[in-house]
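Next come the structures, one after another.
Next come two complexes, and both contain subunit A; in the first it sits with subunit B, in the second with subunit C.
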Partner chain A sequence: MVSTEAPLEDLIFRGEPDWLRENRRSALESYQRLPAPSKTDEEWRRTDVSRLDPSAFSRFEKAPAHTTMATNLPKGVILESLPVAARDYAELVQPRLFSLAQAHRDRFTALQAALFTGGIFLYVPDGVEIDEPITGRHFSHESGTTVQPHTLIVAGKNSKFNYLDEYIAEHDDEAGYRSGSTEIFLGEGSQVGYVAVQKWGRNVWHFSDQRAELGKDATLRLFNVTLGGKFSKTRVEASLAGEGSNAELKAIYFASGEQFFDFHTLQEHRVGNTRSDLLFKGALQDVSRTVYAGLIRIEKHAARSDAYQANRNLVLSDKAKATSIPMLEIDNNDVRCTHGATVGPVDPEHLFYLRSRGITEATAKRMLIQGFFGDVLDRIPFEHARKLVEAELESRIG
Partner chain B sequence: MADFEIKDLRASVEGRQILKGVSLDVSKGEVHAVMGPNGSGKSTLSHTLMGHPGYTVDGGSVLFKGQNVLELEPDERARLGMFLAFQYPVVVPGISMTNFLRTALNSKRGYDGKDKSKQVTPKEFRSMLKDELEVLHMDDSFLPRYINDGFSGGEKKRAEILQMAMLRPEIAILDETDSGLDIDSIKFVADAVNRMRGPELGILIITHYTRILEFIKPDFVHVLVDGKFVLSGGSEVADRLEKTGYSEWGKEETAQPQEVA
Partner chain C sequence: MATVPKVEVGTDYKEKYGFFVPEEYVFKAKRGLNPDIVKEISWMKQEPEWMTKMRLRSLEIFRKKPMPTWGADLSVIDFENIFYYLKASDKQSKTWEDLPPDIKATYDRLGVPEAERKFLAGVSAQYESEVVYHSLQEELTKKGVIFTDTDSALRDHPDLFKEYFGTVIPPADNKFSALNTAVWSGGSFIYVPKGVRVDIPLQAYFRINAENMGQFERTLIICDEGSFVHYIEGCTAPIYTTDSLHSAVVEIIVKKNARCRYTTIQNWSTNVFNLVTKRAMAYADATMEWVDGNLGSQITMKYPSVYLMEPGAKGDVLSVAFAGKGQHQDAGGKMIHVAPNTTSTITSKSISKGGGRTSYRGHIKIYPGANNCKSFVKCDALLLDDESRSDTYPYNDVDAENVTLGHEATVSKVSDEQLFYLMSRGIPRGEAETMIVNGFIEPFTKELPLEYAVELNRLIQLEMEGSVG
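Let's turn to the complex of A and B:
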């Protein structure tokens, strides 16, 4: 990415606490040490990053994230830029930052841990409920740059709130290197709604890790929306670490032109009586391609776990291609586990039925695409995000 | 000249010829029944008339309002005034009945999102729906549901007739509308169809069984066997079939339902 460390010190590390500077240096070492992903590696078999050279985007955009609801927050809630929080609330940030999305996992998480710029820290203390959703908006302004925001959310016991991350390109045709990773820690009995809407430029490389850890009886409703990037790789992972925890993981994606989207998901049932429900739905146009690979892992002692996983793809063009790979890894017999994948075009019988009522082909197709996303859009955890996503989708479906 | 003229229609499915020259004149104000045993080409006739992409037209023409509708797209046929009540209405997830009905009505009226004067007003839409729901003994709880999703067999068929009533076609094809219906549903459906009967509507009832014809009296009955009409006449043809079934054409099938399909 950058040839010498001196500019990094100036650009990014300045003013940060020693522990964070040290972590960044160590992550940078990981980045330099880790090999480039190989085609023989199952995760990267269909996902080609051989033409990516991060050092081509060595200029950093360090625009701070914009947050709403900065005022009127209940007492004790912390909503702060991540670098500032690292300095002022080290006791909350240090033990958690990049503990879920670990720097040594691969080159791209290492890069995120080493060089994240800006980002948001949200801490909601025990028992605090926030009615209004909190919004973080992350912007890119230029082509050819690197923008790497990171969100860290800590939900105290029995807290309850909704949060939206929006990744916005000033120009839709921007190229560059982009991320947008999130770590969410759900305390006992907490209820968190999290929505990420990725609208980076159409020519960027995008890497993202969204990873949550759920404590006892915690409930996560996560919703991912992927729209931008010529290449976008997103990992969505929930670790069910407390009994009675429940993770709902939903996503929609709409790929067109030459876009390539890769999704890897993990539903990790580490203890018993846990529940996860995943549904990823995507539509593909033109010559776009998508890869979905999802793993349900139920560990030995995780009896009475209930896991559901589905990936549905609507392929709208003969030249678009969706690949779907569901996987199970179950070490306990007393579980309920279902998974499924579909890849297919608009059902011609559905199309004929609508057209037989006088509805034009174009309108009928639009209705069917909207209908395809309908059931999953209903699962967006809060109204503000639902409206935003519906509008985004509508403008893309045309 | 009849309002709707089918001339020597020949059609095939997956390379197999099913309709082998079907001719039929339907004028507005008339009710025609097309009866036939299994495999005679009844479904092929209804689907070909509406333009289903799985059926290939090998010859003939269908003239309606000065156009050969075989050259039109299915939605153009519908906007011209044709309607098909499906034998097996499909479930379409994600689209509510209300959205579907409103979009269909707007399309029929030529509303393309621009000329608001053509758009059906919410008040008008509600009032149209209310009347028709009553006749069909349906409540409005199914309106927010997805198209035909979770509907019973009877509800699906009633929903078809509801669409017909809303869209007010000039030529309506009812494809096995009575199959799978209990007697009450048949009566509701027949009431609704009889209510629409009149000088503005020509009806083609396609059926295996005579039962629905007890409730919707046809003016003409045509018997389709192996892709051709073998007999045409008045309602007495249906009475004859009721007694002898299709045996005179070598088909051991009765024209009375032995069991609810």
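Let's turn to the complex of A and C:
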């Protein structure tokens, strides 16, 4: 990425505590050491990154990378830029930062851990409930740059709140290297709604890891919206580590033009009496392509687990292509696991029904797409985000 | 000259191969694999030169190909410690007394007739069926159907054989198809002429040749235009073998408007690695159906596949796997849509018990231009206890337009409600569980001929009691 260490120290390491600088350096080493993903690696078999050279985007943006919006935060809540929090609240940040996202997992997470720029830290103490959703907005302004925001959320015991990450490009045709990763720690009994809306420029490379760990009786409602990028790879992973925890993972994506979206999901049931419910729905237009690969893993002693996984693709153009690979690894019998995947065009009977009522083909198609997304849009955990997503989708379906 | 142990050449040997082994020559089945052994196998069979060359070339390929790194753990196979060719007389040198008691007990419980038991156990060939076989052969010959073992086919129908052999599964397809092509022996050869329907299912063990239960059998079925045949291999009773590796290749060509159904019930003893490549090519409006049951073996890796070559072709896989203690059944199916307007379905049912592991592994591939295809996959898994494991790995690659693809899978245990219902009617728990399991695989059993279905149900009952394996 950047050949000498000095500019890095100046650009992004400056003012950061020693432990973070050390972590960044070690992640950068991993980035340089780790091999490029190979076509024989199952995760990358259908996802081609051979034409990506991150060092082509070695400039960082000077303008502020993010803003946060929150009103009347209760006492004890910390909402801070991640580098500042790393210095001021090291005891909260240090043990958690990149412990879920795993800095050394592959080249791209290593790059994220080495060079994340800005980012947000949110800490909600035990028992605190926040009514108004908190919003983090991450911006890019220029073409050819690297923008790598990172969000770290820590939910205390029995806390309850909603959070929205928005990734916004100033110009829709921007090229560059983008990410937007999130780690969420859910304490016992906490309830967290999390929405991420990715609207980077249409010519960027985008990599993202969204990973949550759920304690006892915690509930996560995660919603991912992927719209931007010419290439977007997102991992959504929930680790159910406490009994009674419940993860709802939903996503919608709308790919058009030459966009390529890749989603890898993991529902990891590490203990019993846990529940996960995943639904990823996408529509594809033009010559776009999407890959979905999801895994439900139920470990040996995770009895009475209930897992559901579905991926539905609506292929609107003859040239668009959706690949769907839902996988199960079940090591316990006292469980209920169901998964399903569908890839198909708009049902000609539905279209015929609408046409026979005098609706033009274009309108009928739009209605069917809206209907297709309708049931999952209802699952967006809070009103503010729902409206935002509906508006975004509306403008794209056109 | 040192005393060379004389080999008992079975009397049938001479009739079969039509030559006499000179006294000084001793064919001793050696362990291990090298070009000399492959040449010897080919020489013993008096094969044409092209086959010898093909075997040698396949051996090279086998050596070059790496072991598959996915699926079951195959690292324990020691290729140098395997007999690659045994004469029929060698095979029957075992006696009934040598069989492990559990295998004998299973035969008793299943009610397999004495003679059949010995055949299954590899103790003797099933001469009793000779009569049935001959009357069947007469009828088939009248219709122009060829049903013979693969070695005889190479000798008696060389042109037909050469035209199709190795065309569906070339030696370089995978490591084990290369191995099979190098050392194959036995298996069935079927040719059904244009428009001929074979009404009764053809069963492998009608044939008197003991080699049809061989380790490296090679089956080739050709269904000419508009014909129909149903072939059944294997049986529900456990097949005892001391060979630890079974690596068969099955090639099927289903021409325009023809239909072929291939039923397998595999119940190898639990020391066997069962690594089989099965593939069919289905042409215009043809139908290929695989009905595949896997009960035995230590490890099975088997994914019957259909290449849908021309419009209107239809492929169907119905697969059942049962994994008990120490077993890993890695089974599934592949559907390769090469032509537009083709359809395929895969239905998989798996049951794991006592620490067994079942994996469904499937691949749906729809090539560019193969537009308007439909494919549906359904996998259901039943886990009978908390030591067992079930995995589902479906791979889907769609490169065509207007394709409808669906995949559904469920994993569950025996439902408490169903169990309660049956038990409340006075049925003991064990029996109730067996009934539920039999109900679970019913879509499979109802596709089997009656006698097989009955035997399969009985076998499931035995497995459920834990008295076997």
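FYI, the second predicted complex is superposed on the first by the 388 of 398 C-alpha atoms of A that agree within 3 Å, B and C clash if a C-alpha of one lies under 4 Å from a C-alpha of the other, contacts with A are read in each partner's own complex, and residues count from 1 in each chain.
The working rule: contacts are C-beta pairs under 8 Å (C-beta built on N, C-alpha and C of every residue); 3 or more make two chains touch, one makes a residue touch a chain.
None of the values given here were measured: they were computed from a predicted structure.
J.: Looking at the overlay, what does A:D48 touch: subunit B (first), subunit C (second), both, or neither?
T.: Neither partner.
J.: Looking at A:K319, would you say it contacts subunit B, subunit C, both, or neither? Reply first, second, both or neither.
T.: Touch partner of A:K319: subunit C, not subunit B.
J.: Between subunit B and subunit C, whom does A:I330 touch in the aligned arrangement: first, second, both, or neither?
T.: second
J.: Once the structures are superposed on A, label A:T363 by its partner contacts, choosing first (subunit B), second (subunit C), both or neither.
T.: It touches subunit B, and subunit C stays clear.
J.: Comparing subunit B against subunit C, which has contacts with more of the residues in subunit A?
T.: Ranking subunit B and subunit C by residues of subunit A touched puts C first.
J.: Of the partners subunit B and subunit C, which touch A:A341 in the superposed model: first, second, both, neither?
T.: Only subunit C; A:A341 stays clear of subunit B.
J.: Touching A:H350, do we find subunit B (first), subunit C (second), both, or neither?
T.: first
J.: Of the two partner chains, subunit B (first) and subunit C (second), which one does A:G374 touch, if any: first, second, both, or neither?
T.: first
J.: Under the stated contact criterion, what part of subunit C meets subunit A in this complex?
T.: Result: residues 352, 371, 381, 383-386, 388-399, 401-413 of subunit C touch subunit A.
J.: Which bits of subunit A are touching subunit C when the two form their complex?
T.: The contact residues of subunit A facing subunit C are 46, 300, 303, 315, 318-319, 321-345.
J.: For a test of understanding, state which residues of subunit A touch subunit B in their complex under the given definition.
T.: 347-350, 352-361, 363-364, 367-368, 370-375
J.: Along subunit B, where are the residues that touch subunit A in the complex?
T.: These residues of subunit B touch subunit A: 50-54, 73-75, 77-79, 83-84, 86, 89-90, 92-95, 99-100, 103-104, 107-108, 146-147, 163, 167.
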